[in-house]
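Look at the two complexes coming up: subunit A is in both, with subunit B in one and subunit C in the other.
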Partner chain A sequence: MATIELQELTRRFGDVVALDSLELEVASGEFVSLLGPSGCGKTTALRIVAGFEWPDSGRVLVAGRDVLDLPANRRNMGMVFQAYSLFPNMTAQQNVEFGLRVRRRPKHDRSKRAAELLDLVGLAAQKDRYPRQLSGGQQQRVALARCLAIEPSVLLLDEPLSALDAKVRVQLREEVRRIQLELGITTLYVTHDQEEALSVSDRVAVMSSGRIEQIGSPAEIYGHPRTPFVASFVGTMNHLEATVVSSAAGKVRCGPAVLDVGLSAASHSDGDVVTMYVRPEHVHVVALAPGQDMPPELFEGKVTSLTFLGPVTRVGIASALGGLLADVSSSMALSLAIDSTVGVSIEAGSLRSLALT
Partner chain B sequence: MAAVGTIEPAAGEPSVGPPSVGPPSEGSPSGSALQWRRGARTWLRWIGVVPFFGYLAIFLLIPTGELVVDAFKGPTGHFTGANVSAAVHAPYLSSFETSLELSALSALFGGILGVFVATAVLHRGVPAALRPVVFTFSGMASNFAGVPLAFAFSATIGTGGVLTGLFQHLGVDLTTLVPLTSGVIGLSLVYTYFQFPLMILLVIPAIDGLKREWREASTNLGASTISYWRYVGLPIILPSLLGMMLLLFGSAFSAYATAYALSGSTGNLVPEVIGNLLNGNITVDPQLAYALAFGMIVIITVVLVCYSLLQRRASRWLR
Partner chain C sequence: MTTPAVLADGLPGDVGRKRAAISRRGQARRGGRTRFPLWSWFWIGFAALYFLVPVFSLVQFSFGGTLANGRSAGFHWFLAVFDDPAFRSSFWLSAQIAFETVALSLLLMVPTVFWVHLRLPRLKPVMDFVSVLPFVVPPIVLVVGLEPFLQNFTWLYSRPEVLPFIYVVFALPFLYRSIDAGLRAIDLRTLSEAASNLGASTFGALARVVLPNLRSAVIGGSLLTFAIAMGEYTIASLLLFNTFPVYIFYIGQGPAAHEATALSVISLLLTWIAMAALFVIGRGGRETAQLGVTK
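Coming up: the complex of A and B.
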């Protein structure tokens, strides 16, 4: 299997800088997602790898070999498009055979291989259907089988699930991952859906304005965002303004409270104003019985909003630390009312400044 | 008939069908006033198209009906099949053959040339600014017919034409190579001049309907441009292309002025023969003219039926 390396890729469209010295390495057999907001250059990067777009400068190496001077039809890469890419005049089987047909493989080999792949994506029974007779999810499965048929060196997917229903989307992303692991194929996956990226990737590259802000495992990206952009783009994050009291001891002042936090001593000095981050699931809320005094280890807060999210309810709280969001179990949230006073605590060690390395 | 004809009705008609209006809503049990209002509203929906159907009746259906009836009338007004029988036998049968041949050839030439120009213009590498230029040219050129077109061709490659003179210096006689006034080939070349821009106008939407993803997917899978067109592009738009070439066929079949301007009263195309029979350059026989016209109507009807069948087939994959 092949590695992919993007080196200092730059692409401008007029005044728009779609890619700004983009650097990315994908190991052999690895599944890497490009995650970022609309217009950050994900598609442009992928299309440059596929050969449908060219960089103004930079290099693309696949298996160590520069592919930029190869035409797209000689790159032997599998690409799955967002939607509507199946040839409407061919059945599922004929679509899957297409790549082998233009490679002049014998009919017998072609249909055998197509049958295997349709089986792999669970559509053996639908092989004689035309694309218009298939659901959106089935069409994308066929598209996946079609590009796997040519045994591509790498697999490129550009938001392949974004045109599908939420339920099918979840099911299919797991299937894409299962097949990718089964074949061990190097995969570059473009999405703007963070849940999708975090759930299926070996590593996630968060992009913004044509650059990669941070690349790491889903747990790293979620748990240790390194830039303010990543912190606010991935998941929900509370931001608290704080002043460093003692960088050596890891203490900051936030409103009236002095908090123990994980600060990297080297990067802050006493008196610095820093932004601290904490996820809603690390903010705990305690309902107080009527007339009960505030326990000393809790901060006082007032419930400002309650948003039911299924298993958890997101609670908006106004506190002396600032506005906070907390995720509490929905059964516990039943005891909370808007404007009620609650006790708030932040899980030890979960309040962080950005991880700097 | 006017000397400067343009493409005659056949080209415009096929897109015209009765508007699809759902079944008139049945009155609900909630009272006759409501029912009446619904009925009135159904009527209102039709009012807009009334002038159009009026126009259709007065200028198409009534004359056509009259013509068909006249085609079966003898000089004294009795019923006879003699006119129609004469129309499909020598010497008139050869007019039909010539007309069909000319229409088919010019549709083929114009169709193929039009497709090539349209694909070239729509190619990714070609600046989009060129499109409106080509559209404008096509709109103009597809209406360039009759005397001006005949003159333009005569002045270029006719006897004493500019190019003819140039080629004479090289020892090539263009007038025998491309005879404008005699033979179907020369005339179909002249017709191609207005056929191919018409094809461009017709075919651009169909080619635009080919999704970029199909092209890119086929390239990604290793196909060359030729393989793409062979296995994907062409099979998808072929029914549309054939349908549009049928329209070109129809427009050539009923065109009159260009041929007349080139060959005068000696022409042997069905419309020319009809003209001669009506205005009596050789003999006057209006009944026979009606019978010939009836033959044309039958052919155009067949063309339109084939066209709508192809359109239905085309809409399977496009749109």
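Coming up: the complex of A and C.
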């Protein structure tokens, strides 16, 4: 399978810089997601790779060969689009066979390959149905089978699940990943859905303003965001303003409290104002019995909101450290009430800092 | 002392009566039986008479009159018209011109509108403007302007093959609107890109993917173009070509009034067949759209 390299890719639309010297390398057989908000340039990058857009400068190498001089129909890439793209005048089977018919493959080969691929996406029984007779999820599966039929060098997926309902989306993303692993095909996946990107990718590239802010494994992106944008875009994050008390000892002052943040403050000088980040699941809440004194290792907080999210409940807390969000198990949240006083602690080593000034 | 009548909803007196009346009105509306007031029927009847009486008179006259042997004419005038070699040659000429006009219009318009939609969407307002020009410029103005130009091409000017090149302009609004509407109904960009991604050239995408999905729009536009070319009189007459409409006019000017009405009936029938075909194709297109072809 082929590698993909984007080198210094720049694309402007008038005054808007859609891609700003974008650099990306995707290894053979790897599944990389481009994750970012609308307008960050992720779809533009994918469309340039596919041959539907052209960069102002830069290179796109597939298997080491610059493909920018090739038209889209000669790049041999499979692409699944965000909008349903099955040809309405053809059945599922005819759609899958289309690319092979263009390549003038014998009818027997085409039928055999289409049957294999429809079986792979679990739609062998629906081969004679027209797109209008298929659900959205089934249409996207046929679209996936259709682009795999031509044995593409790389697979490009442009938010293929965004038009589907939540349950189908989860099923289909797992299926896409299963098929990708089974075929070992190099895949570039564009999405604005962080859960989708984190759950299926080998690596995630978080994009903002035409650049990659951070690229890494889903665990790295989620657990160790390197920029404020990544920290705020991926997952939910508490932001606490603090002043470095001792960079050598790794201590910061946040409100009245001095917090031990370990090595994270070492890159700052004493007196620096920093923003500390902590995930809600690393903020622990203890319900206090009426009249119970606050244990010394806990900060006092007042519950300001309770949002039920299924297995966990997100608790909004006003504390001396500032406003905090904490995820607690929904069974534990039953003992909490709005305006009740709670004890709050932050898991050791989970506070991270990024310089503000 | 009297007890108030208990009406709808168990409410006494006026309140109950009012609610019952409102409820009855609601049921009448919901019941599926739409009531037309008398005036509606009057206007429908008036409009029907306005249109149908002339047609009925025309048909009646085309079958009317008596022959020299004293028998009623029946289909005689129609048979007489069909027997006339001038009818056959003019009808055949018009049909030939109409087919050529359709072919030329499709060849010109389908790729153009496709390309404008796909690659030059900024030109759409220009296309919209140009497409309505034939409505604004009267045929007589067009032919007066065209005549000196066409005289430069004597080999073409003297032949009826020149007419399709002129009729294409008249058919432009109908064919353009039809194809435009058809292209708006499909996700052209995604379908073309999907075809291209699978290896099809731009022409391949147009021929294999876009055109089959524009079937009703293309057939509808073609039928309208055909009807326009079959019925055009002004230009054919001014350029001295003996087409079907010119022949009808010529017969109508002579003493053979029955033959002329028979010709008009034939012409009307052709138009109605075209309209019926349009209706059937249009219904097919709507059903496809309702089933959600692309989204």
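Going forward, the second predicted complex is superposed on the first by the 348 of 357 C-alpha atoms of A that agree within 3 Å, B and C clash if a C-alpha of one lies under 4 Å from a C-alpha of the other, contacts with A are read in each partner's own complex, and residues count from 1 in each chain.
Heads up, the rule we're going with is that contacts are C-beta pairs under 8 Å (C-beta built on N, C-alpha and C of every residue); 3 or more make two chains touch, one makes a residue touch a chain.
Since the structure is predicted, the reported quantities are computational estimates derived from the model, not experimental observations.
Model built by superposing both complexes on subunit A: subunit B and subunit C clash.
Of the two partner chains, subunit B and subunit C are each touched by A:N73. When the shared chain is aligned, no partner comes close enough to touch A:L22: not subunit B, not subunit C.
Judged by the touch definition given at the top, the superposed model places A:C147 against both subunit B and subunit C. In the superposition on chain A, A:V312 makes contact with neither subunit B nor subunit C. Looking at the shared chain after the overlay, A:V283 reaches neither subunit B nor subunit C.
Overlap of the subunit B and subunit C interfaces on subunit A comprises residues 50-52, 72-74, 76-79, 81, 83-89, 98-99, 102-103, 132, 143, 146-147, 150. Those residues of subunit B lying in contact with subunit A across their complex are 211, 213-214, 216-224, 227, 231-232, 235-236, 316-317. Residues 186-187, 190-191, 193-201, 204, 208-209, 212-213, 288, 291-295 of subunit C touch subunit A in their complex.
Subunit A makes touch with subunit B in their complex at residues 50-52, 72-79, 81, 83-90, 98-99, 101-103, 132, 143, 146-147, 150.
Residues 50-52, 71-74, 76-79, 81, 83-89, 98-99, 102-103, 131-132, 143, 146-147, 150 of subunit A touch subunit C in their complex.
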